[in-house]
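Once you scroll down, you'll see the structures, which are given as structure tokens.
Shared between the two complexes below is chain A, which pairs with chain B and chain C, respectively.
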Partner chain A sequence: MARDSTWSRWGTGLVLPLVLLLTWEAIGAMLQSPRTPVPTKIIAAAGVLIASGDLPLAILQSLGRVFGGLMVAVAIALPLGLAMGNSRAVERNVDPVVETFRPIAAIAILPLAILWLGTGTAAAVMIVAYAAFFPLIVNTVAGAKNVHPTLLQAAATMGLSRFTIIRTVVIPAALPSIFVGLRIALAVGWTAIVAAELAVGAKAGGGGSGGIGQMMFIFYAYSIELNRIIVCMIAVGLIALVLDRGLRALMRASMPWVKS
Partner chain B sequence: MTATATMTAAASMNANAKLRLTDVTKRFQVRGAPDTVAVDNLTLDVRQGEFLVIVGPSGCGKTTVLNMLAGLDTPSSGTVAIDERVITAPGPDRGVMFQDYALYPWQTVWGNVEFGLRYGPAGNGLDDKARQERVRRTIDLVGLKGAERKYPNQLSGGMRQRTALARLMANEPDVLLMDEPLAALDAQTRIILQDELLRIWGQDRPAAERRTVVFITHAIDEAVFLADRIAVMTTHPGRLKAVIDVPLARPRGDATRALPEFQALTQHIWSLIRDEAYRATVA
Partner chain C sequence: MTSAWLRHAGSAGVYLRTMAVFIGVWWLIALWTANPILLPTPPVVLDAAIGLARDLELFHHAGISLGRMVISITLASLLAVPLGLAMGLSPRFERIVDPTIEVLRPISGIAWIPLALFIFGIGNALPVFIMTYAAFFPIVLGTVLGVRTVDRRLIDAARTMGVPQRTIVTRVVIPAALPSLLVALRVGVALSWTAVVAAELIGAPSGLGYGVEWYRELLMTPQVMSFIAMIGVIGYICDAGVRWLNRHFTPWAAAR
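Right, the complex of A and B next:
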């Protein structure tokens, strides 16, 4: 019984997507244009790109840049955010600066990144770091400021020094909030890398070495292979999903006290 | 009534005082309104090894008094002192048990009890083994054996209360400051933990070996059951109305609650704050 209803629910949910895919395929077959991607060709293109190793290599390259940028952002945002959350003076000075830069999109600093760091990995990492910095710092400050006051008072009455209180109370109390910042940072970092690689790494020689964004740029600007561009888009989405799920699993594992 | 309070306070000045509040007034500033006087000109001594309970309706400033003793708050005028030294900041000589227990959710029961010993000065001079032993002993003392690895959100209210008590006791402070620690519990758990609290405090031991306790509650029967002396406070502004000796013999238990003296004292204290309590309910 249960299996039947599960099957029928899945079946019903698949009707519309299947109809859309078939319609898409039919229109594509009628148009016969190289500028019309079609589902069957996309699947074939995915097979080719994965088998040749180009797609996995590009993804690895981009992931490396995202993690590099994320590390830089964490290294700056975490200590700074904790300092802002624990000191009114620091917050009053730093907050206006942060809030002024926050609305400036990561892509808007692309020209600066290229001029300063060239068109390689360094510039891409800088863009990711810039994009990831803001969600991280905003959430770290919020987490550090929202520690329940009696938790801090209890530590003070046990005679702990201010620094020890930050280490043993503020950081663990802010951890759920920091993780939220990290999830958002990972998502915006991954978004930023694709955009950054469209421009950065243009001289890297094509193939997979320029990252997934560069790969898309080549398919767009040189070889005009729309099916392959769609493959890249799907890959970007799937990887973001996997990264987020992984981070959430890490979150649950590292915070066993949080009810999920 | 004011005369009674003054007399009792003056009399207690001669005793050897562990804690001393002298002419303490605490005002809170409220924007766009006259200052609120939370505590008005309060003078009170707490003797070494004494179980003093402050009882009064909500808003009588009893938590403010406790916070000033803890050093979490400072008086607007007057002084608060421990062993004749003026209190200006929190310190490990005065342990506090908070009304919400203030347990660290990311620490297990063991981690919470060990917290002050591990990160604070209470653990100075203790090696790992001695520290573990102290934690072990304290957890057994409050009856939490078997729950060491649980997190606070996996515990019942009574077990959280025991964990907070164990954390307080493990640090072995001179003075125990307790802010309505039993208020959040159901009536039966509450009675059991009143008995436990007296046992852990050491009511079986000679008075000289007991720790000084300042305990806050709004429950009069609880105050009578626990206290050596009861400081009755009234509200708006928070004033000391009377200090009452509780001559009931220790150790106390269920039999104590049935004594006519117990009932009489409870009635007497109720008569002191009844009018005001009614007024507060109607208002």
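Right, the complex of A and C next:
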């Protein structure tokens, strides 16, 4: 089999998307309905939304909430996970609560969050924190438990205190696993924020708390602009991709010894 | 055998003790806030759950959500498994299809809700579409991965013995890819269960997500909590079911 150059590889990959886009455009042109979204109109809509600053602002609002929620989740899950990974007693006693709530999807908590915290940023942050908590804690516990026993024994032999062992041995050894948890947490957090903002938009009658999810809902419910909805969907996908790749690059740069 | 039973009994005891502490703390906070709409006490919630269960309302909505999930997972598998097999077996086909999948994959199912609402309206089609979409990607990727990790020697051996291509696929490739496929199915089920709640919360006239939101609007918090608990219970049962499939059909790989 002849080895393909990168260019022909890209070429083959581009064929199907191009065919699909052209078919889409052609069908749209045949329908001649002004509302039918077609690729060219979507690009135009993207230009308008970016130039007006609406889309970047909404994305920043949503990202801010994701990072806020992530901070809360990290602040709770990291110490708790390390304690659970290091002490069998703590793990046995705390794990039931974690395992009981883990199957409950973050979105299901949303009505409670709205009830407790209103339809603003606080409820959205809570949803992200809840969604991000579980992958973080599961991976922190796994990482802390998988530290090579020889390392722990060596540290204990040298008379280090338990706290020092956790700080200097367990955390560095668990870091790759914690990063995996962080990556999953970021992905589910981003999905959760879109869902939360959508639902808040749908249920609070569009009471403007902003964010990309809410923006989509307004385009659906009030102005019926399908082209703009699709622009938002593409933006949601792009941000998800950028977040994931960014975190992976950060992981590779900060922990070159880990194979991803 | 007896020691295993003792261990089970012991961990059940720890579980009950921890949950008793949790419920105690919740009760104290509820008494302290003294606001039954914000945080009802545990007995009030239990009472509401029993009432909803007795009316069969809880099971009615759970059945609807579960039915939608079964349909969606079936649809997603019917689409994704053959596609994944084809992609795993033919590098050229994969090169043609993969970029399209990778472009769509980061767009979460939930982000499709507004467009899907416009296309399908409020009803059954919306949650089924969103869940099928959500479950599709992990199943495709899991199938491709499964086919990719099939031991080449097995295929070569079968080919040497003159086994036709079709039989190789059904007798060698699929069984060898099964563990990876079932792991992917587990992810797919989890993702689609999350998606159904979101989809029902926003755009369906029935189902558990709808129940949660309906009772929130009525400010009947005990009922809201009962429905949330039911979402957790069904989510847990589905996951346990897929794990059972894993153990049952691929016992050699389930040891992990």
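Assorted remarks:
Here is the rule we go by: the second predicted complex is superposed on the first by the 237 of 260 C-alpha atoms of A that agree within 3 Å, B and C clash if a C-alpha of one lies under 4 Å from a C-alpha of the other, contacts with A are read in each partner's own complex, and residues count from 1 in each chain.
Keep this in mind: a contact is a pair of C-beta atoms (placed from the backbone, for glycine too) under 8 Å apart; a residue touches a chain by one contact, two chains touch by 3 or more.
Just so you know, these numbers come straight off a predicted model, no measurement behind them.
On the shared subunit chain A, the superposed partners chain B and chain C are arranged side by side without overlap.
Chain centres taken from Cα atoms put the angle at chain A, between chain B and chain C, at 90 degrees to the nearest 10. When the two complexes are overlaid on their common chain A, residue A:237 makes contact with chain C while staying clear of chain B. By the touch criterion stated above, A:172 is placed in contact with chain B alone, chain C being left untouched. When the two complexes are overlaid on their common chain A, residue A:148 makes contact with chain B while staying clear of chain C.
Look at A:162: by the touch rule set out above, it reaches neither chain B nor chain C. Between chain B and chain C, it is C that contacts the larger number of residues in chain A.
Once chain A of one complex is fitted onto chain A of the other, the partner contacts of A:248 are absent, as it touches neither chain B nor chain C.
Per the superposed model, the minimal spacing between any CA atom of chain B and any CA atom of chain C is 10 Å. Note for the complex: chain A touches chain B at residues 148, 150-151, 153-160, 164, 168-169, 172-173, 175, 255-259. Considering their complex, residues 11, 14-15, 17-19, 22, 37-38, 92, 95-100, 103-108, 110-115, 117-118, 193-194, 197-198, 201-203, 208-209, 212-213, 215-217, 219, 221, 224-225, 227-229, 231-233, 235-236, 239 of chain C touch chain A. The part of chain B that touches chain A in the complex is made up of residues 70-72, 90-92, 94-96, 98, 100, 102, 104-107, 115-116, 119-122, 151-153, 171. Within the complex, the chain A residues that touch chain C are 9, 12-17, 20, 92-97, 100-101, 103-112, 114-116, 190-191, 194-195, 198-199, 202-203, 216-217, 219-220, 224, 226, 229-230, 232-234, 236-238, 240-241, 244.
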